[in-house]
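Common to both upcoming complexes is chain A, partnered first by chain B, then by chain C.
For the complex of A and B:
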């Protein structure tokens, strides 16, 4: 049970969006698909869901090629950053139509979530703000109960409270109904606690595909007085620093020897966002 | 396959506009009947051809039924194949329902008009093929008209649908070329070419084609020529539509 992406390439004119991408989304895991703007995240998700076609390669969903195959496509729900629903349709009508296409869509749960987010389901799509447009799509994604849920920038326009509710609901849903969730986002710090595996894409190529723990164990963060940090990092592979007042944090790649660390410095885990910036800038 | 849901969705797409359309048609029938009752009443009032408005209505429906539906289908894990089958099923269903409804309406309009004020109504195809009544009984004639109307309605909806897919697939430059080039060719270039170079061969061919479909002027037209032309048109245009749809991608 998995989504296998085999040797997928895609060009838009002279721009190469994806280059021989090989990837597997295993069953019941939460993935973070991270990449800078234009890295190829949405293109990859669009190919998986048959919205655009790959120039080369194929996508296999639970052993079935997904291209033009309803049986495979019905196992996936993709919440897109852009709107695909008719803008003059009411949210409750969209819920009803989703139930027609996805038999396992939980209407009661969707209505419960709409209440929780304070979303008026009698409104039509075009009357919603950016935040609420994301919310209604998030609600469908959380209620649709497909084995694979792809979320492209799910918290776009959501305020801090709604983002908090979303992440809690996502974890709750995942616990009650284990499925494969792929979150494509720029807000790395926020999703870093939710995701299990990290896939980093740069210029259409997968440059990292490993568990978050494994990835973050490749380095560490050292914090303390600026002068102490500066002298400690002289011969280290520093991927970034942050200074607030007299305190400094340095993000270092490499293994740690705790005996060599001065007592006035504190060691913590590497920051995913800092690592991401380093990896995608290189 | 998601064909059932795709068909249901596309049928529903027609629902609201169909209700509004028939409300307007009913109001027009009532208005004309009242008008004739109040100011007419000498028994020679006639009106005809609601089918023409149905043809325009369905052509516009066809023109408006691709992009929104396509995106909705992509969002809901439905393949282009299922969408296409759902589309032709819904077009055939709506066209058939409208051809039956229009026939009933025309008969009713005629009965009510005659009963109240001597106002008579003739359908578009009644006018064209009334000579058939000499050889056919009225019931078979009505069935023949329904069948013919069904195919004409289907053909025009599919025509509108094809144009909208064609435009969806084209880039901006091509859209401009086609939008300017096709009317210019039909109105100026082909007639000029025909007149100056081809000695009227194109217009002769065009007339031959029109006469084949609608019959020669003054002669009794055969409805099955129009039926055959519509059927061929449906098959060819649907084939072309499928070629365009199967490679259509999200431009959202």
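For the complex of A and C:
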């Protein structure tokens, strides 16, 4: 059980959106697909769900190519950042319509979540705020019960309380009914604790693909007086630095030897947000 | 059990220490049930695999045991074992840092001793 992306490339005119992407989304894991705006996240998700076609390569869902294959596509639900639903449709009609296509859609659960988020399901899509447009799509994603759920910028426009509810519901759902979840986002800090594996995409190319714990243990941050930091990092693999006044922090890849660290320097763990920023800086 | 994760150390370690703290403070008594992996994950917004990894440290050290289909419980003798483990680490975790900081601030040994006395006498601390 997996989604395999094999050598997928995609160009829009002269712009290369994806370049030979190879990835596997394994059974029952939560993935973070992280990239800056325009990195190719949505293009990749759109190719997986057959909304657009790859120029080269293919997507295999549970052993079957997904291209023009309804059986494969019924296993995947994608929550898009853009709204593809008819804007004069009522939310409850969209729920019913979803049930038609995805038979395991849990209508009672969706209604329960609508209550929890204070969403009136008799409203039509166009009357919803940005936040509530995300919320109704999130509710569908949490109720649809497909083996694969792709979430493209799921918390767009949600306030802090609603984001908190969403992440908790997502983890609860995942614990009770394990499935493969891919969260595509540029809001790294929030998803950092939720995801198990990290995929970082930059200019259409996958630059990191490993477990979050493993990725973060591959480096460290060293900070202190700028001159001391500078002399410490000469022979290190530095992926970036930050300077404020006379203080400097350097982000270093490589294993750490505590014995060799001068006492005036402080060592901390890398955090995902910082690592991401350094790895994806132009 | 209140936890504010920091980025200094892996989250699964922080989860296991948070549960250790709760056992040591008596919030989770020996032979009583502790929250499930799902409850921990949802509550702290962490991946269930991370919570499981944290719990497994306590299971491996014999301080938590699982009853199939029922849940997880604090083992008998956990408080004593954890107290011993924490005492072993006390010098490295607290004294070493205290002395380093004192040296930076040029606080003398005698001044520290006075402060420690004060710390023990101050009954209003919680």
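The rule is simple: the second predicted complex is superposed on the first by the 237 of 282 C-alpha atoms of A that agree within 3 Å, B and C clash if a C-alpha of one lies under 4 Å from a C-alpha of the other, contacts with A are read in each partner's own complex, and residues count from 1 in each chain.
Assume a residue touches a chain if its C-beta (ideal position, glycine included) is under 8 Å from a C-beta of that chain, and two chains touch if they have at least 3 such contacts.
Just so it is clear, the structure is predicted and the values come from calculations on it, not from any experiment.
Because the two structures share chain A, they can be overlaid on it, and in that overlay chain B and chain C fit beside each other without clashing. In the superposed three-chain arrangement, the CA centre of chain A forms the vertex of an angle with the CA centres of chain B and chain C, and that angle is 150 degrees when rounded to a multiple of 10. Counting residues of chain A touched by each partner, chain B versus chain C, the larger count belongs to B.
In the superposition on chain A, contact of A:164 is made with chain C only, not with chain B. In the superposed model, A:180 makes contact with neither chain B nor chain C. Of the two partner chains, chain C is the only one that A:213 touches; chain B does not reach it. Of the two partner chains, chain C is the only one touched by A:193; chain B is not. In the superposed model, A:43 makes contact with neither chain B nor chain C. Using the contact criterion defined above for the overlaid structures, shared-chain residue A:249 touches neither chain B nor chain C, since it reaches no partner. Smallest inter-chain Cα distance, chain B versus chain C, after superposition on the shared chain: 28 Å. By the touch rule above, chain B contacts chain A in their complex via residues 1-2, 5, 8-9, 68, 71-72, 74-82, 246-247, 249-250, 252. The touching residues of chain A, counted against chain B in their complex, run 46, 49-53, 68-71, 73-78, 80, 82-86, 97-98, 100-102. Residues 5, 7-12, 37-38, 41-50, 100 of chain C touch chain A in their complex.
Those residues of chain A that touch chain C in the complex are listed here as 30, 164, 167-168, 171-172, 174-176, 193-196, 213, 216-217, 263, 268-271.
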